[in-house]
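What follows is a pair of complexes built around subunit A, which joins subunit B in one and subunit C in the other.
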Partner chain A sequence: MFSWERLWEYFPDIMAKFPVTLRIVLVAFGTGLLLGCLLAAIRIKKIPVLSQVVAVFLSYIRCTPVICQMFVIYFGTPVLLGAIGIDTSEIDSVVYVLVAYGLNMSGFIGETIRSSVLAVPVGQVEAGQACGLTGLQTLWQITAPQAFRIALPMLGTTFVSLFQATALAYMVGVVDMMGKAASLGNRTGHPLEGYIACAIVFAVISIVLEQVFMRISRHLDFDNKRMKKRVEKEVVKEVEVSCSI
Partner chain B sequence: MPVLEVKNLRKVFGENVILKSVDMQVSKGDVIVILGPSGSGKTTLLRCLNLLETPNDGEMNLCGKDYNLKKVTGKEKLEIRRKTSFVFQNYNLFVNKTVLQNVTLGLTLARKVKKEEAEKDGRDLLDRVGLTGKYDYYPAQLSGGMQQRVGIARAMAVNPEVVLFDEPTSALDPELVGDVLNVMKEFAKSGTTMVVVTHEMGFAREVANKVVFMADGVIVEQGEPHEIFDNPKEERTKAFLNRITNGSSGKEA
Partner chain C sequence: MLNLGYFLDSLKAAVSYIPQNLFMSLMTLLICCVLGTLAAMARVYQVPVIKPICDFLLALLKALPQNLVLLIVYLVFTITFSPIMAFLGVKANIQNVDMVYVAIAALSISSLAGVSEVIRAGLLSVGKGQYEAGYTVGLTAGQTFFHIILPQTIRAVIPPLTNSILSLVKATSLVSVIGVMDIMNGAIVAANTYYSYIEAYVAAALVFWVLGIIIEIASRKVEIHFSRSVKQLA
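On to the complex of A and B.
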C-alpha cells in the first residue's frame, strides 16, 4: 500500500545522495565541455586522421545508448587495463560512471559547439581580421561569445538530460538518489514511495535548471528584445515630456 | 610617393581568374572610386588590398614597406590590416558588442591604446557620424543606416592610412543612403584616403579625385571623374555608363 508518511520519511535519505548525483553531473559536464571543445576544434580545422577518428568516435557515442556505453566502460576497462598488468579492483565504480558520462557528453557537447561556431557568420570573423585582431583575439572576443550564445539553449537541454540520465548509474552499484531509492525499497519492501520521491526531486530540479538556463539565455540576448524594451521606455519618456509641456 | 601601391595583383578562385594582373596606386588624400559591372572583380580587388582574400600573385608597397603577396606571412597580414581598415557592405558590426565597443575594439586590442583614451576617441567619432547617445546600444537596436555609420566610425577609429569601402550603401534602404554618403563625404573632405567600390555615381562625380573602371578582372580605364563620366575612351566604359544612366539615371548622393 502506498503511504504518504513513508514518502515523507524517504525524502531526507534520498536527498542525502543528491551530492553524488551532482558530482556525476558536474564532472561529466565539465569533462564534456573541455573534451568537446577539443573534438569541435579537430572537426572544424579538419585535422587529417584525427578528424576521421573523431567522426568514428562521435558515431559510436550518438548511435549507442548511454547505458550500453557505461557497461562497456565498466566491464571493458578492467579487462583492458588488466591486460597490461594494472589492477583495477581498487577503482570505485563511480569512476567508470564519470568516464562513461564524460565521454558521452564530450560527443554531444562537441557537436553542439562545432555547429554553433560554424553558425557564427563569416563576416564577423572578417570584421575582426579587418580591425587588425589576431586569430586568438577574434576567437576570444567575437566567435566564442557568439557561438556560446547560440549553443546555450542546446547546452541547457543537454545538461538537464545528463542530470536525468545519471539515474542509470545505480546499475553499476553507485549509490546515488536512484540507488538509495532502490536500496530503501529492497530493505522495506515498499519501493514505490522511494521512486516517487526520486521522481519529484528530479522533476523539481529539472524545472529549476531549465528556468536558470532560460534566464541566462535571455540575459545574454543581444538582439531585438532589448531594443524593444528600450524603445518602449523612450517612447514613454517622450510622451511624458510632451504631456508635461 | 603613393601610400599604397599594388603591382601585378592576381587572384584565382578554382578555375576562375577574378583578377588578371591589376596595378593600382593610392596617394595620400586620394578618394578613388572603383566602378564596374557585377563580377568584374571590384570587391575581390578591395578584399585583396587588406588580405581578406590572399592574392595568388602580386607585390604591395604599403607606407614604404614591400610585401610579396604570393608569400605573405601571418605577421605581415596583421601589419597590413593594422594600417588599413574596411567598411563592409553588410556592416558586419560585432553583434555581441555595443556600438562603442565596436569602435574601440581595434584600438584597445590591436593597437594597445588605453581603454579610457579609446573610449573618448570612440565617442568623438560616434558624435561625428551623428550617433550621439547611442554608445551603449547593440547593433541589432540600430537601423541599417546607423549601423553603417558605426561601421565607418569603426574603420576611422584606428586612424588608418587607407580606408576601403565595399559598396557601403548597397544594403541600405534608399532613404538611408544619403546619411551614410554625407558621413563619407565629410571624412573625404578632411583628407581621409579612401578606396570606394560603389554604384553611387553622384558620390563618384562629386567626391572622388580618381575613378577606376574595371571589367573582367582588369582595370579598363582610369582617370579624373569628368574624364571617365563625360569623355570615356574605352567602349566597355561607355557601354557600362550608358547602361547605368539609362537604367537609373545615376543615383545622386
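On to the complex of A and C.
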C-alpha cells in the first residue's frame, strides 16, 4: 500500500535526476528554435523542392507519436551510421533522445514561427521598405519583434508540453526522474510512491512554467486592452446592423 | 539495413491493431466529452464550490505527463482492486479484467483538461443575447440551455474536437507502458522473434502517419463544412 515515508525517502533521489530532464528540455528547445527558424524560412519563402521536403517532414512530426519518433531514431541511427562505417556503440542513449526531441520541437516550433511571421500585417513590411530599410533590417527590426509577441503564448505551451514529453525518455534507458522512479520501484517492489514523487515534481514545475509564460505574454501584449475595446465596438456595430435589418 | 520481410510482418501486425487504437481513442473522446461538458458548464456558469474544484483538478491534470498518469492509474488500480472487490462482496479476479478499460480510464483522465477547455471555449462563444432571447420567449433555464445554447456550442466545438482526435490517437501509443496491445506494441511483439525492432518501429510510425493524415484531411473537411453553415446563418 501507499506510504508517505517511502515517498519522503524517494524524493531526494528523484529530485537529484532533475538536471537530466532539464538538459533534455533546454537542448531540445534550443535546437527546435534554431532549426524551426530555418524550416519556417523555407516554408515562407516557398523554396522549391526544399519546401515540399519540409512539408512532408512536418506531416510526419505532427502525425506520429513522439514515443515512436524517439524509438525510430534510437534504433535507426545506429543502422544508418553503421552502413557508412561509423561505430555507434560509444554513443550515450541520451544523445538519441536529444536528437529525437530536437527534431520534434523544430517541427512544432517551425510551424509556430511560420504562422506568427505571416500574422504580422503586410503593411508593416511595406512601411519598413518605404522608410528605406533593407530586407534584413525590416525582418530584424519590424517583423521579428511583432512575430515574437504573437508566438510567445504558443511557444510557452510547446515548452510545457516538451517538459512533460520528456517523461518518455527513460524508455530508451536514460536515467532521468522517471527512470530513477522505475529503478527504485524495481528494487523495493513499491513503484507507486516513486511515480507519485515524479508527478508532484512535474505538476509543480508545469504549473509554475505556465504562470510565468502567461505573465510574460500579458506583459508584452501592449495593445491588449485597446484591441479588446475595438473588438467590442465592432461587435456592437454588427449587432446594430443586424437588428436594423 | 531494413529487412523487407520483417518489416511486412510488423506492418501486418500493426495494421491489425488499428481498430483497437481507434476504439480506445473514441471511447476516451466520448468520456471526455461528457465529463468535459459538465466541468466546462460548472466553470462557465460559476457554480459555487464545484467551480474551484474543477479549476484545481483540471489545472493539475493538465500538468501531468500522460504516460505518468497511465502508470499511476494502473498501479492504483492493481493495488486497490482486490480490497474494493472484497469490500463490495464481489468475487472477481484481477486477471479477468481487460486492461484496455484501465487504459481508457487513464487516457480519459489525462485528456479531460484539453477537451474540457475546447468545450468551455465553445460555451463562451455563444453570446449573452442568446440566453436573453431564450428567457424573453418564456423558456426555462434548462430549455434555453438544451434548445438554444447547446446546439450552437456543438457547432462551435466540433471542428476543434476533430483536431483533438489526432492527439488522442497519438496518445493511445502510450498504453504499451501498462502492457495493453496497440499499433506500436503489436508491431514490436511481431519483431521479438528476430530482434527486428527498427523495422517494427518504422512500421508503427508509418501506420500512425497514414492514420494521422486521414484524420487531418477529415478534420479539414469538417471545418469547411461547419464554417459554411455559419456563413449561411450570418
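The rule we apply is simple: the second predicted complex is superposed on the first by the 223 of 245 C-alpha atoms of A that agree within 3 Å, B and C clash if a C-alpha of one lies under 4 Å from a C-alpha of the other, contacts with A are read in each partner's own complex, and residues count from 1 in each chain.
Rule of thumb we're sticking to: a contact is a pair of C-beta atoms (placed from the backbone, for glycine too) under 8 Å apart; a residue touches a chain by one contact, two chains touch by 3 or more.
All figures in this text were calculated on a predicted structure; none of them were measured in a lab.
Q: Determine, under the contact definition given at the top, whether A:141 touches first (subunit B), second (subunit C), both, or neither.
A: first
Q: Looking at A:33 after the superposition, I want to know if it touches subunit B, subunit C, both of them or none. Which is it: first, second, both, neither?
A: neither
Q: Just to be sure I read the superposition right, which of the two partners does A:151 touch: subunit B = first, subunit C = second, or both, or neither?
A: neither
Q: Taking the superposition as given, does A:132 touch the first partner, subunit B, the second, subunit C, both, or neither?
A: In the superposed model, A:132 contacts subunit B only, not subunit C.
Q: Could you tell me if A:24 is touching subunit B, subunit C, both of them or neither one (first, second, both, neither)?
A: Touch status of A:24: no partner.
Q: When both complexes are superposed, which of subunit B and subunit C contacts more residues belonging to subunit A?
A: More residues of subunit A are touched by C.
Q: Going by the contact rule at the top, pick out the subunit B residues touching subunit A in the complex.
A: 50, 52, 77-78, 81-82, 84-86, 88, 90, 92-97, 105-106, 109-111, 137-141, 154, 158
Q: Going by the contact rule set out above, which residues of subunit C touch subunit A in the complex?
A: Counting only subunit C, the residues touching subunit A are 1-2, 59-60, 62-68, 71-72, 75-76, 79, 129, 166, 170-171, 173-174, 177, 184, 197-198, 201-202, 204-205, 208-209, 211-213, 215-216.
Q: So in the complex, which bits of subunit A are touching subunit C?
A: Where subunit A meets subunit C, its residues are 1-2, 59-60, 62-69, 71-72, 75-76, 79, 83, 164-168, 171, 178, 191-192, 195-196, 198-199, 202-204, 206-207, 210, 239.
Q: Mind listing the subunit A positions that touch subunit B in their complex?
A: Residues 121, 123-124, 126-134, 137, 141-142, 145-146, 149, 222-224, 226-227, 230-231.
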